[in-house]
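Two complexes follow with chain A in common, the first pairing it with chain B and the second with chain C.
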Partner chain A sequence: MADEGKALRGKKKQKRTLQKLKRYYMLYLMMIPGLIYLLINNYVPMSGLYLAFKNIDFRLGLLGSDWIGFKNFEFLFRSQDAFIITRNTILYNLAFIVVNTVIAIMLSILLNEIISIRRIKLYQSLILLPYLISMVVVSYLVLAFLNTKGFINSTIITGLLGRGTGISWYSEAKYWPFIIIFVNAWKNVGYLCIIYYASIIGISSDYYEAASLDGARMWQKIRYITIPLIKPTVITMVLLSLGRMFYSDFGLFYQVPMDSGAIYSTTNVIDTYVYRALIQLSDIGMSSAAGVYQSVVGFIVVLGSNLVVRKVSKENALF
Partner chain B sequence: MKNMVRRMGSLLLALLLVISLTACGNTGETNKGETSGNAVTEGAGKEAAGEKPVELTMAFLIFGPVPNDLQKVNDAINEYLLEKVNCTLKMVPINASNYSQQIDLMLTSGEPLDLLADGTITAFFNYTSHASKGQLYPMGDLLEQYGQGITDALGDYVSAAAIDGEVYGVATNRDLAARTSFMCRTSLLEKYNIDPDKIKTYEDLENVFKTIKDNEAGVTPAMAGQTANGTLFDSLGLSFDTNGDQLSDMIGVLLDNQKLEVSDYYESDLCKALAERAYDWYQKGYILQDATTNQSTAEDLVKAGTLFGYFGNSKPGIEKQESALCGEDITEIILSDTLSDTQKVTGFMWSIAAGSEHPDKAMQVLNLMYSDPVFVNLLDHGIEGTHYQMVDAEKGIINYADGVDASTTGYDMGVDFEFGNQMISYIWEGDSPTLWQDLDSFNRSAVVSKAMGFQFDSTSVKTEYAAVTSVIDKYKRSLGQGTVDPNTVLPEFVEMLKKAGIDTVIKEKQVQLDAFAQTNNIQ
Partner chain C sequence: MKKRAIIPNLILALTSILCLVPFLLLIASSFTDENALVLYGYSFFPKKLSLKAYQYIWQQGIVIVRAYGITVLVTILGTGVGLTITSMLSYPLSRKDLPFGKIFAFLVFFTMLFNGGLVPTYLMYVKYLHIKNTLLALIVPGLLVNSFFCMIMRSYFISNIPDAIIESAYIDGANEFKIFTKMVLPLSKPIMATIGLFLGVNYWNDWYNGLIYLTETKLFSIQNVLNRMISDAQFLASSNLGSTVNAGAIQLPATSTRMAIAVVTILPIFVAYPFFQKYFIKGITIGSVKG
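Take a look at the complex of A and B:
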């Protein structure tokens, strides 16, 4: 009985799939170029993973070179590099998520309290502007501030605070976690803020009117109306960024610290490491090994964050 | 709206795909066109001595764009070569930025390639790896048979690049040694009455730096090297401080180039003293304050007026060369002895590809490149009357042809040092008329390292080598440019190097060096 029902349902489902296929075949056709692109760009290169386990010798060719197991991976773990870059990548991304979300929500609530439309437009544009600037340009803006004779050293430290010498920012690793997080927030908060602002103006004004009639103050309105109502948007945005935990903004970590060796311990992330490995070692096997390491750890992190996502809200999970 | 965006997205992607595919198709076609064009010229070539002339492919490095008149000069060269050795040459200039990859590709894909510029300057070449992977043709027998001109020009250096006793490349005959100098602005030297000949020691230099620092606002007295990432270790460490040998990568060096004893430079007292000096100079404002973030060359900074001078390798004729780059007169203050080691000789070389079908012809052409002024001048300067004209035929001094200058000439690649024997080519007006004699005596006056000819093969320790390289990247620049305190950072650097396995690399280098010394009977 139950089996029959199942079979029937299966048939029905099949039929429905066919029907759907017929109905939307145009859309599916349109998907093909995108799929081909994905296949060429994301799946075909995966076959290159095997390079990481080979000792490349051109006389023997790529396929004919000797298998050497995990020997290519050893250099990663020789000087704690693997630990440092993994730690940096994950911690920075976590910090970005927290800092950016909090600032963006604060800004969007403040924007919502402004009445003059012209001012709203002005502030919105000012906040969004950094998001549109290329990282290379940003890196030189940062340089103008942090240079040995830059704004911070010459005006603030030696000028206002009256200290004799400035700080050589680009050789002191300890300051960089703050600088990187600050620059990232300055650059990316605008975009997030626009999204939150859009969902705040979507909140019906009835709630606020009713609250005012009941004598609610501004802070109470924010606390009990605005924040609960934008919560779904916040969750979605945080989940989206959790899924990208193991990507890092190459420009932010390579251009902004000006590729200065002395501060690698706090600015080196997986992307910059793989890049440097390829450029400097020019050893295909070893740079592939660094790439494989990135993929594997990235995969684990994505799985992990998906687990968290599923706990929080099931419909936002990837699988 | 969302669907719309998606649709647009996939459309765009499809478009991109189509474009990239057609782009590939296009290059394919043009390549075909080229080869068939060559086939025609080949067929038209006259058959001298009953033997069919062969076409050789010659790949070489250039720094600028491909010259407009390349084909014209190539035709003139072919005409000459057909007569001399009954073959033609297809010149394939490749830009420095992708030379290494392009050559690797040509060597591995079996594309026709006979002669190639190779060497041990890692930014462009990969000679050691090519040779050890069997991609180059062993030249020993050919040199004996056809290479008299090469042997005459190079003398003992002909086998400087030998690996396991077999020569896979011959150095070009140019500056085969170097000395370390401080290059600085003549105008400021004169302004403060500084006699460049009296500057011999660090103290002398410091006095000059102090004068400049105190009197010239906005001018930094010195930069550690010529390029943005050059350090005092590179420029002074093993040349001014001691007559050493960097053994090409500074990972394991000879502190005394007359003793075959490999050691870790970064652990030595010399390195410590130099790092302390760099830090002291940095504190006093003598060397570049924004060294960590600077990306300009020293010449550009001098041109911009913010720099007084810089340390660098030099040779006879350097003042003119650097003055042109800096846009004002430069004086060379010679600091070190003239030194020579493998790296300086084998930096630029010529090799024959292992896949060459006519290695004998290739060697004959190469021989001409070292012994035949007509051929060399064609390669270096192009066609007389079109690209250059004689100013003094007796002394071999030339200048641009009428109506042509540096910016309009159709053939001036500026890579004369690359084409075989530079010392048999014409001299540009304005250079010293005795330039080649000066250069020759400079080469002969060099203190030659005992390890001359030694090439290190890092494959057996490549894990350690890679780890060590990445540690050096992190520390060397900041220590060697004085931006960090060596009292705390240098011990950390040395320790990280040990962890990365520098001792293993040095041990392997010593083993290979001992073996090298034994086969070559060096004491």
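Take a look at the complex of A and C:
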């Protein structure tokens, strides 16, 4: 931006800017389709945040509907839902960050111990396989295990443990925190593992050879070389997830629990709440209020987490 | 050296199996006889094998074929158009000498930090752009241009296209668009392949746009059919109004058919995966380098 500031100073330089524009107009033309798309898909909806402060009546139109101030927010926060969806969204995200990071680092360190390149490739592609599948297919996979006649009930609980009846998983809320965290790890650990593995193989082998000469054991090398050197990558990845703490994977919380009402207390998050309020209940006031709440707090969380990282280590900050 | 790797090998092998096992259960149950499934439950080793689910899908073929066709069409169109727009937006942003380039880069980047959410987006697409129940609903909202992909591509251009060749081409009289198509793109095949692959997988797997913007089942992609089947096992039969096969057809094996359709959905990805996994894994590591 400093360059442009200088360019605008003085008429001589202004003339040069005009010449530049003559050369560069094609580059601007090339950007137009993309910018128009972002304008429609992102910026126009941003301006629609005002909808939350209106009592939307389609006969009056979106712009013509009456302003009602913070009424929609009052309704939202007076209900139990606001607390539940906020708690679920934040706690699940924190659990995902801890569980996925720990497993991914472990797997990538183990992967680094493997010598055969063919095996490394095989493990990598199998662990990444769940990442390629849509959440709808994942919900079918989970259903095959958790159905009333699913594998867990029919083979493990009544078969191996000899209990008469299985568990009706889709109506018991208490199991779902574990199921959701497990399914999320199953699906996404492969992705993180590949990122951390790439970071580990970037470490110079000199460190390990020197450590071996000094008689370091495997776990000592991991503790004092590998982990400190992949820390910047880990911090960046954790920061990216922390910034998304107010958002969640809609499919994971909508498809996998099969939209079952009995377990909303542990599966409802802000994203599913907004969707149900809008599509299933057509309650525009409530859903847009929850949406604004998510956008604004989510934005503050991103800025905040970035600010913290800038203070700790500037090179890891996103902006 | 070799002895030490036993435990890592063991743990990684077990993890790999854990990743694969759910798919085996899905495939096994799709080949299980409906009555055995209801009586004894889902099992890796079916008590009674049956091909009825697949026969049934074959009979209801037209629904599946149409849904598949829509998925393929949407994936090709979305990936092609998306890749074109993304590269045409990312390249100018990578040019340090472009006046106001940083402002545009910020406009793209900002959409990753803040958004209007589902309600305004939905109302705009439905009430103003009238996208509901059109094929565009599966292509345009959310998926076509991804600002994250733009930033990745931009940083690839910055670090892989030397300023000198752009400058010398310009001095030789090429205009900026020609420089882009004749010099920059041929040098950028790896990033084009990577982003294209990611876009393609996103389109192939998408069910969200269909869930929100489609009520017309004729436009359902294969993921949407699958999504509908989970709550409505009769969907295949009920949506196949034009078919006359129904009268003498075998009775609907509801449970195994659902599983069989899920198998049919993931089959192309499983078949293609060995060929593109190398690029996919590489792409993930490119993506982790911040822009």
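In this section, the second predicted complex is superposed on the first by the 261 of 319 C-alpha atoms of A that agree within 3 Å, B and C clash if a C-alpha of one lies under 4 Å from a C-alpha of the other, contacts with A are read in each partner's own complex, and residues count from 1 in each chain.
As a working rule, contacts are C-beta pairs under 8 Å (C-beta built on N, C-alpha and C of every residue); 3 or more make two chains touch, one makes a residue touch a chain.
Nothing here was measured: the structure is a model prediction, and the numbers come from that model.
K.L.:
Quick check on the superposed pair: does A:Arg78 touch chain B, chain C, both, or neither? Answer first, second, both or neither.
P.N.:
first
K.L.:
Report the partner of chain A that touches more of its residues: chain B or chain C.
P.N.:
The partner with more contacted residues on chain A is C.
K.L.:
Quick check for you: in the superposed arrangement, does A:Arg276 touch first (chain B), second (chain C), both or neither?
P.N.:
A:Arg276 contacts chain B only, not chain C.
K.L.:
Once the structures are superposed on A, label A:Leu161 by its partner contacts, choosing first (chain B), second (chain C), both or neither.
P.N.:
neither
K.L.:
Touch test for A:Tyr37: chain B only (first), chain C only (second), both, or neither?
P.N.:
both
K.L.:
Does chain B (first) or chain C (second) touch A:Ile117, or do both, or does neither?
P.N.:
neither
K.L.:
In the overlaid three-chain picture, which partner chain does A:Tyr24 touch, first (chain B) or second (chain C), both, or neither?
P.N.:
The answer is second: A:Tyr24 touches chain C but not chain B.
K.L.:
Applying the touch criterion given at the start, work out whether A:Phe145 contacts chain B, chain C, both or neither, answering first, second, both or neither.
P.N.:
second
K.L.:
For A:Leu129, is the partner it touches chain B (first), chain C (second), both, or none of the two (neither)?
P.N.:
second
K.L.:
So, does A:Val137 touch the first partner chain B, the second partner chain C, both, or neither?
P.N.:
Second partner only, chain C.
K.L.:
Touching chain B in one complex and chain C in the other: list those residues of chain A.
P.N.:
Common to the two interfaces on chain A: residues 30-31, 33-34, 37, 40, 143, 147, 149, 258.
K.L.:
Would you pull the chain A residues touching chain B in the complex into a rising list?
P.N.:
For chain A paired with chain B, touching residues are 30-31, 33-34, 36-37, 40, 57-59, 61, 71-72, 74-75, 78-81, 143, 147-149, 168, 170-171, 258, 260-262, 264-265, 276-277, 280-283, 286.
K.L.:
Note which residues of chain C are touching chain A in the complex, please.
P.N.:
1-2, 4-5, 8-9, 11-13, 15-16, 18-20, 22-23, 25-26, 29, 37-38, 40-44, 84-86, 88-89, 91-93, 95, 97-100, 102-104, 107-109, 111, 113-124, 127, 129, 140-142, 144-145, 147, 150, 170, 175-177, 180, 201, 204-208, 212, 223, 226-227, 230-231, 258-259, 262, 265-266, 269, 273-274, 277, 280-281, 284-285, 288, 290
K.L.:
Per the contact definition, I'd like the list of chain B residues that touch chain A in the complex.
P.N.:
Touching chain A from chain B are residues 7, 9-11, 13-14, 16-17, 100, 104, 107-108, 126, 133-135, 289-290, 292-293, 295, 462-464, 466-467, 469-471, 473-478, 483-484, 489, 496, 499-501.
K.L.:
How about chain A: which of its residues touch chain C in the complex?
P.N.:
1, 4, 7, 17, 20-21, 23-24, 26-31, 33-35, 37-38, 40-49, 51-52, 62, 107, 110-111, 113-115, 119, 122-130, 132-137, 139-145, 147, 149-151, 153-155, 186, 190-191, 194-195, 198, 218, 233, 236-237, 243, 250-251, 255, 258-259, 271, 274-275, 278-279, 284, 287-288, 291-292, 294-295, 298-299, 302-303, 318-319
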